[in-house]
Amino acid sequence: MLKDFERRFRHKSNKQKDNLFDYSYHKSGSIPGTLRIPPHATTPKIDVIDYTEEKVTCHHQVTPQDCLKYLQTPTISWVDVAGLGDAEIFQALGTFFELHPLLLEDIVNAPQRPKLVNYVDCIAIIIQMAIAKPSREGFWLEQVSIIIGKNYVLSVQEEADFDCFAPVRDRILHNQGIIRQQKPDYLAYALWDAIIDGYFPILEDYGEQIEWLEDEVMLNPTDVTLQKIYQVRRELLALRRAIWPQRDTINHLLRDRYPLISDDVRLYLRDCYDRTVQIIDITETYRELASGLMDVYLSAVSNKMNEIMKVLAVISTIFIPLTFIVGVYGMNFNPAASPWNMPELNWYWGYPVFWGLTLLIAVGLVYFFWRRGWFQNTTTPRRR
Amino acid sequence: MLKDFERRFRHKSNKQKDNLFDYSYHKSGSIPGTLRIPPHATTPKIDVIDYTEEKVTCHHQVTPQDCLKYLQTPTISWVDVAGLGDAEIFQALGTFFELHPLLLEDIVNAPQRPKLVNYVDCIAIIIQMAIAKPSREGFWLEQVSIIIGKNYVLSVQEEADFDCFAPVRDRILHNQGIIRQQKPDYLAYALWDAIIDGYFPILEDYGEQIEWLEDEVMLNPTDVTLQKIYQVRRELLALRRAIWPQRDTINHLLRDRYPLISDDVRLYLRDCYDRTVQIIDITETYRELASGLMDVYLSAVSNKMNEIMKVLAVISTIFIPLTFIVGVYGMNFNPAASPWNMPELNWYWGYPVFWGLTLLIAVGLVYFFWRRGWFQNTTTPRRR
Amino acid sequence: MLKDFERRFRHKSNKQKDNLFDYSYHKSGSIPGTLRIPPHATTPKIDVIDYTEEKVTCHHQVTPQDCLKYLQTPTISWVDVAGLGDAEIFQALGTFFELHPLLLEDIVNAPQRPKLVNYVDCIAIIIQMAIAKPSREGFWLEQVSIIIGKNYVLSVQEEADFDCFAPVRDRILHNQGIIRQQKPDYLAYALWDAIIDGYFPILEDYGEQIEWLEDEVMLNPTDVTLQKIYQVRRELLALRRAIWPQRDTINHLLRDRYPLISDDVRLYLRDCYDRTVQIIDITETYRELASGLMDVYLSAVSNKMNEIMKVLAVISTIFIPLTFIVGVYGMNFNPAASPWNMPELNWYWGYPVFWGLTLLIAVGLVYFFWRRGWFQNTTTPRRR
Amino acid sequence: MLKDFERRFRHKSNKQKDNLFDYSYHKSGSIPGTLRIPPHATTPKIDVIDYTEEKVTCHHQVTPQDCLKYLQTPTISWVDVAGLGDAEIFQALGTFFELHPLLLEDIVNAPQRPKLVNYVDCIAIIIQMAIAKPSREGFWLEQVSIIIGKNYVLSVQEEADFDCFAPVRDRILHNQGIIRQQKPDYLAYALWDAIIDGYFPILEDYGEQIEWLEDEVMLNPTDVTLQKIYQVRRELLALRRAIWPQRDTINHLLRDRYPLISDDVRLYLRDCYDRTVQIIDITETYRELASGLMDVYLSAVSNKMNEIMKVLAVISTIFIPLTFIVGVYGMNFNPAASPWNMPELNWYWGYPVFWGLTLLIAVGLVYFFWRRGWFQNTTTPRRR
Amino acid sequence: MLKDFERRFRHKSNKQKDNLFDYSYHKSGSIPGTLRIPPHATTPKIDVIDYTEEKVTCHHQVTPQDCLKYLQTPTISWVDVAGLGDAEIFQALGTFFELHPLLLEDIVNAPQRPKLVNYVDCIAIIIQMAIAKPSREGFWLEQVSIIIGKNYVLSVQEEADFDCFAPVRDRILHNQGIIRQQKPDYLAYALWDAIIDGYFPILEDYGEQIEWLEDEVMLNPTDVTLQKIYQVRRELLALRRAIWPQRDTINHLLRDRYPLISDDVRLYLRDCYDRTVQIIDITETYRELASGLMDVYLSAVSNKMNEIMKVLAVISTIFIPLTFIVGVYGMNFNPAASPWNMPELNWYWGYPVFWGLTLLIAVGLVYFFWRRGWFQNTTTPRRR
């Protein structure tokens, strides 16, 4: 399933690494409300669950026209659309659900910035869902739109492949918890809740990545470490960008009194809000840790360089003067020409004295370096 | 067309690279409302489109006096002025449209900081339009002023060459969308919307530039990479400077109740606002990415240096002691003078023993470096 | 005692270093209010202290059912639960104390972000307690929930091992201070106060660590210093994350008028608030100091490198030219072949002149370096 | 004129480079309202312009007593005091204008932080005027106090030498614009406007300096570049410090309704406010650019070092092994002592083989470096 | 006097360098209002000045009981307590002045965070006084509490040695200014004003230190410079921490209407507030300058390293190839064995040709370095 998405995604944008910083816009000067279907979008699939406290019916692969009849019953209808690939279907949905053209545009032209728009008889919530990649390295973002009406909830997902709404569907079908006794606002809360909870496992992965990077940066910092730190910072930035506006969105919903949202559900949304704040909080914390790691990386690289320089300097400084001395006694000044010309070469103890001098100089330099603390091991390879 | 602008721009300011950080001011102590025509400004060209839901008339190259008669009809008149090069024309426009001298000054003395000023019978909006350079490297900024009156919209553009209003003009002429059924406020919204949408392609270019720079900084960081990163940061700063005050401007328009702005258009402006926030959001994200790239660049350069140092240190450290040894046996101490003087030179196995010693030292040092991990390849040239 | 916790903690999360950045979340789509007992949680132990100004009774290891009867008396009952390891007990407590399912979930699914939730007949405060490790290096965080009812206080601690409430218990039992004359709000304040005061000794340890690091970074910066600075920054970040939301929590309690909180206790809470602000203030100050230390560390490492480079450069620069000269006179050009071939070798003063030249060059270079200030000691090892 | 100021300034504070970060304070515990005349202050010179719409009279070098009679006429009197060097004159002015002792202190004890104080019958505005140095490198700050009364404006300048009020004076004398038809509030606005417009040419200089520095940092970064960047950052900091509080000052004036400020003038002040915001905006932009330049500078210096290291490493790595080889064949092992002792020396092709080996090694190493990309020119000296 | 304090301070905390980051806290769970006398605190000394506009009496070394009788007269009584070393005295004062236990605790358990607490019949202000060290390097902080009652002011100082209230005392005794005609609120203002003015000379010292450091960092950056910059940043941080909350304190006093504070004194407090803002402003400016200096320091150190590397690289690169050449002609290939073996050694012009070659290479390399700009002096030692 995920492979389908990955394949389709590659077709969509062959020059980008991931869709974390994507955004949608229309051509300058185009008529407001124009629907632009992305080239590789999946064909929408519409499912309807119609329920009251007592009974529940489930309809798969319905047409927009079918929805109309479920809307006209007093039961609560959850219309779930997966896929954005057909403008006509959305035009039809727009007509039957009486959606504002701008809202329809925002739903289809994904991804938009998360937002809440209050219309006369419905509330539209547009948010980003985070889906962990199967490799657990990074994630995708997918737009989900939730429209709350008097007796319906319309949810639109960008893709049909990931369905994080399955547990909610089960809860309705098997009448678990209080979901069947509640109004559409509770259903919308349940969907939103499922999306927000989807962020936590991703965060957990980043927490582990940062711990690994902390060890790596201390023990063996390489170019790959650097790239990983940058990658983590980049993806946390994307995560923050996705979750930050959702906080404002819930906050608006909590602060302003909307007739479609009951006080009871408001209490549950408050819980949602707390969790969103927690996600932001953790994201920021991880970002600060990752940014601190960058500093540590730079320092560790500097330290490594210092160590290399020290080895070079110690060896060079000891042997360069000695090489000078051996060079001196390799000169060919003619001792025969004058008694001043290298008489040492003919001394009885000449060669042993040379070795004595050499050792003296070497030991003296080693002592000098030892006094300056150059032999202290500044880079301890073990952390704890 | 763009070349015209570029040429004119060069005349205007021969010492600046682009006009991104330009600003206009008048001489200290001058009379408020003084119009200073920039030296190379183009002569203003006035077009009027006069329309109701039923009919539309189009007048090119009119004089300010002509405008007056369109203003006096109940039809909606869109007076579009392109070019700032004639003070008299603007004085005349100021008189006929009853514009405050300070407003007239702001319109002509471009560029000003984007702002919204509410006058008794009109609302003046001064904003910055971003125009991508044909090379897709960087952009120009051009000031656009939109004055909304009871039955007219007066728009003033700095240059005649770029006309991002063409699609809006077409929509009026061909009666596309709902623009002909609406009041001047909707027309102003449509113009503003076209300007804001013009920012997105520029942002997209920066997104791609950053992706390229990410690869370049990892694989082959050079001085040019550094300059490109700085350039991107500099231009994103300019972009933020241009778009940030526009957010406040729309926000003012949304928050305060202006009689000239209908509730319906307010909903469309809200969409504009969301898009402006999205532009700011992306700009900030790109700025953070670019700033993170700078860190990575610095680290990559440090790593490269480390690698160079290592090669130097390994070679030097291995050969410097060996060179000392060969120097020793190049000395000319006279073996005849004493049995202590370099007897090795006359040993039977002297030369082979020397080579054995040499190899031993070399292998020992290589082993020492291998143990310290100097031969681990810290700079992997491939990223993915 | 602390070892118990450490052991249990290791079982809980074998891949993490400490629990400072832990957080709790439920599976996406699960029913709100689900209690997930952490795998190694301790079995809850319930103690009740029932008191009026005149008399006090103390009950250990009671069952949730027992609590009910204490609740029904007009005396003030402090029900203290330590340990989260039994869902049924908490379900029972939830029923008897009439707690909202979401509140019960927050209490059990620790750690949550500190928060204040106001219910119809009780106020719930969820906060983080900081417990210094016995080694005085770092700390653990433990969640404490305090629910204030009309005539009871229910406190839930994550662990049974650390009991920072002992002094408060003593004050009740021995009637010290005014605690027995006051309502549950004062008791809740006393518990909270005890928790907040627990942060100060931890802060003091960090203050000392920073002073040590200041000295270490100036005198002898090594990799270990770097790791310690990072560790301190990391833990201060955790501390800030724990204390920051508590400020908002108290602030809410102070700002909004809750009937369960008397004006008198509000004055005491104001004192609590001031102390929380002080903790935040000190944490931020320490974070800035630690961040400044990082800069100093980097500079100190650079300085060390400079010193090494200088030694290397001075020695190399002096001896490399000299080695060239001695090499020259070690050449074997045949003086017999031409009068131009190394006549110096046969000069009477050849060898002394060579030494004179050598000394001249050496002294000249030393003078050159001295003039450029290379012999100034840039790294003074003593600070004060 | 400017030299006078410079000379006087040097006397004032012989240890400071400029007066950008000066501030004034009185001795701890002194009586509020004490006037401390700075040691080298110029003697105050009082000019009065008395005008109505119809006529204008101009009086130079008047005494404080003279002012009193102009104040008692219904005409608008602009009393301009230049110089702070006489406490008695200011005491007299304080008495005649009925100024609060604290206000008088703020006027005389310059420089104060810009502020607005509203008294019963006057509004006092204390601001900083920026004066470009004649060398166009940097600027001075001078305090200007403007007191708006019912029928007078009292302006006090720190120095007599710079008179940025001359154009305003001309506008009154020659009845240009609407200044003669307006109340004192308009005159105060005109003065303030002249001061604010004085900031722009200074900003323009910094804009140019930053462009030069951008080029310099890319092409040839030296210590001087670094000092210039620091200098620019330092002076922009001073500029921000001078202008930032002025924004609040105007904002107060706009927000609160003062009877002395008419709605009409409020519109002009709004323009002033926009311009102040623009100055802040540009200052911040320049500060960010300068701060980004610092990063680029550091990277450029690192790159230069890399280039130097590469040259050193390539040359050393190629020649050090070769020097070892030539050393080997310079050894004096006695070929006569054994057939193993350096038989190469007596080979027929010995010397040519040596050269072959040497070339092979050199070419091999060059190829090795070429493969690692060391010969790519990382520092391109041209930017565009 | 200052030595007394220093001695006592050392006793207090033998492990800390200064008291800038001290804070006071009580044991977790202790009874609120517990007084903990610091071990080395000085014995309190109580002075009372009792005054009306007409007459003034002065009483030294009185007991708390004595205070009671001065309190009961309608005259204004200033009770000044210096030293915190006796819990009983403070208990007595608390009883006579009817102080809240929490207030008494805050007064004695110094240092607290500056704050304002409003009680029913008094206002308590707790602030930090800054005292310059006699060496003018750094400062101490001392807590001062000022309690304003209906007809008294109670001031409590931590130490008896520094008395910055002396000028205020003189003003009362000699009836200078308007202090005798005013209520206790004016007296409190006068005391506060004296404390705030005490910050300025300290700031001035830091201003000078930063100027010195600017020169030092440009001309001769050493480790000591680095330590000084860190020290300045550290102390400015402490200064900010002390003054920042005072601004809020005064602001509260200005904003909320307290019956004990007259409108007249509010005007004076407004002046106090302006000065506090100025102190914060200067502190922040200095902090930014110091932080910019750190960047410059790092760059200057890098530049120095570049210069060292250049010298090393130039010398090595020139002489290493030359040394190879001289090595070649020091080889002992036997010219007798073959005509190919080093025939150069027997050439007539061999030696002169060798020198020619040597010079050519040397000049060539020097030219190469000159072309690359290595001989440009990048580190100009003079700034101006």
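Miscellaneous remarks
Going by the order they are written in, the chains are A, B, C, D and E; count residues from 1 in each one.
Quick note on the criterion: a contact is a pair of C-beta atoms (placed from the backbone, for glycine too) under 8 Å apart; a residue touches a chain by one contact, two chains touch by 3 or more.
Note that the coordinates shown come from a computational prediction; the quantities given were computed from them, not determined experimentally.
Between the CA-based centres of subunit A and subunit D the separation comes to 41 Å, rounded to the whole angstrom.
Centre to centre, using the average C-alpha position, subunit A and subunit B are separated by 25 Å. Contact with two or more other chains is made by residues 298, 302, 305, 309, 312, 316, 320, 323, 327, 330-332, 342 of subunit C. Chain contact topology: the protein chains form a single closed ring, every chain touching exactly two others. The sequence of chains round the contact ring, opened at subunit B and continued through subunit D, runs B, D, E, C, A.
Taken in their complex, subunit C has these residues touching subunit E: 164-168, 171, 176-177, 190, 193-195, 197-198, 200, 203, 207-208, 211, 214, 218, 267-268, 270-271, 274-275, 277-278, 281-282, 285, 288-289, 292-293, 295-296, 298-300, 302-303, 305-306, 309-310, 312-313, 316-317, 320-321, 323-324, 327-328, 330-334, 337-338, 340-342, 373-374, 376, 378-380, 383.
Here subunit E touches subunit C in the complex through residues 15-17, 21, 23, 25-33, 100, 102, 106, 112-113, 115, 117, 220-224, 226-227, 230, 233-234, 237-238, 241, 294, 297-298, 301-302, 304-305, 308-309, 311-312, 315-316, 319-320, 322-323, 326-327, 329-332, 342, 344-352, 354, going by the rule given at the top.
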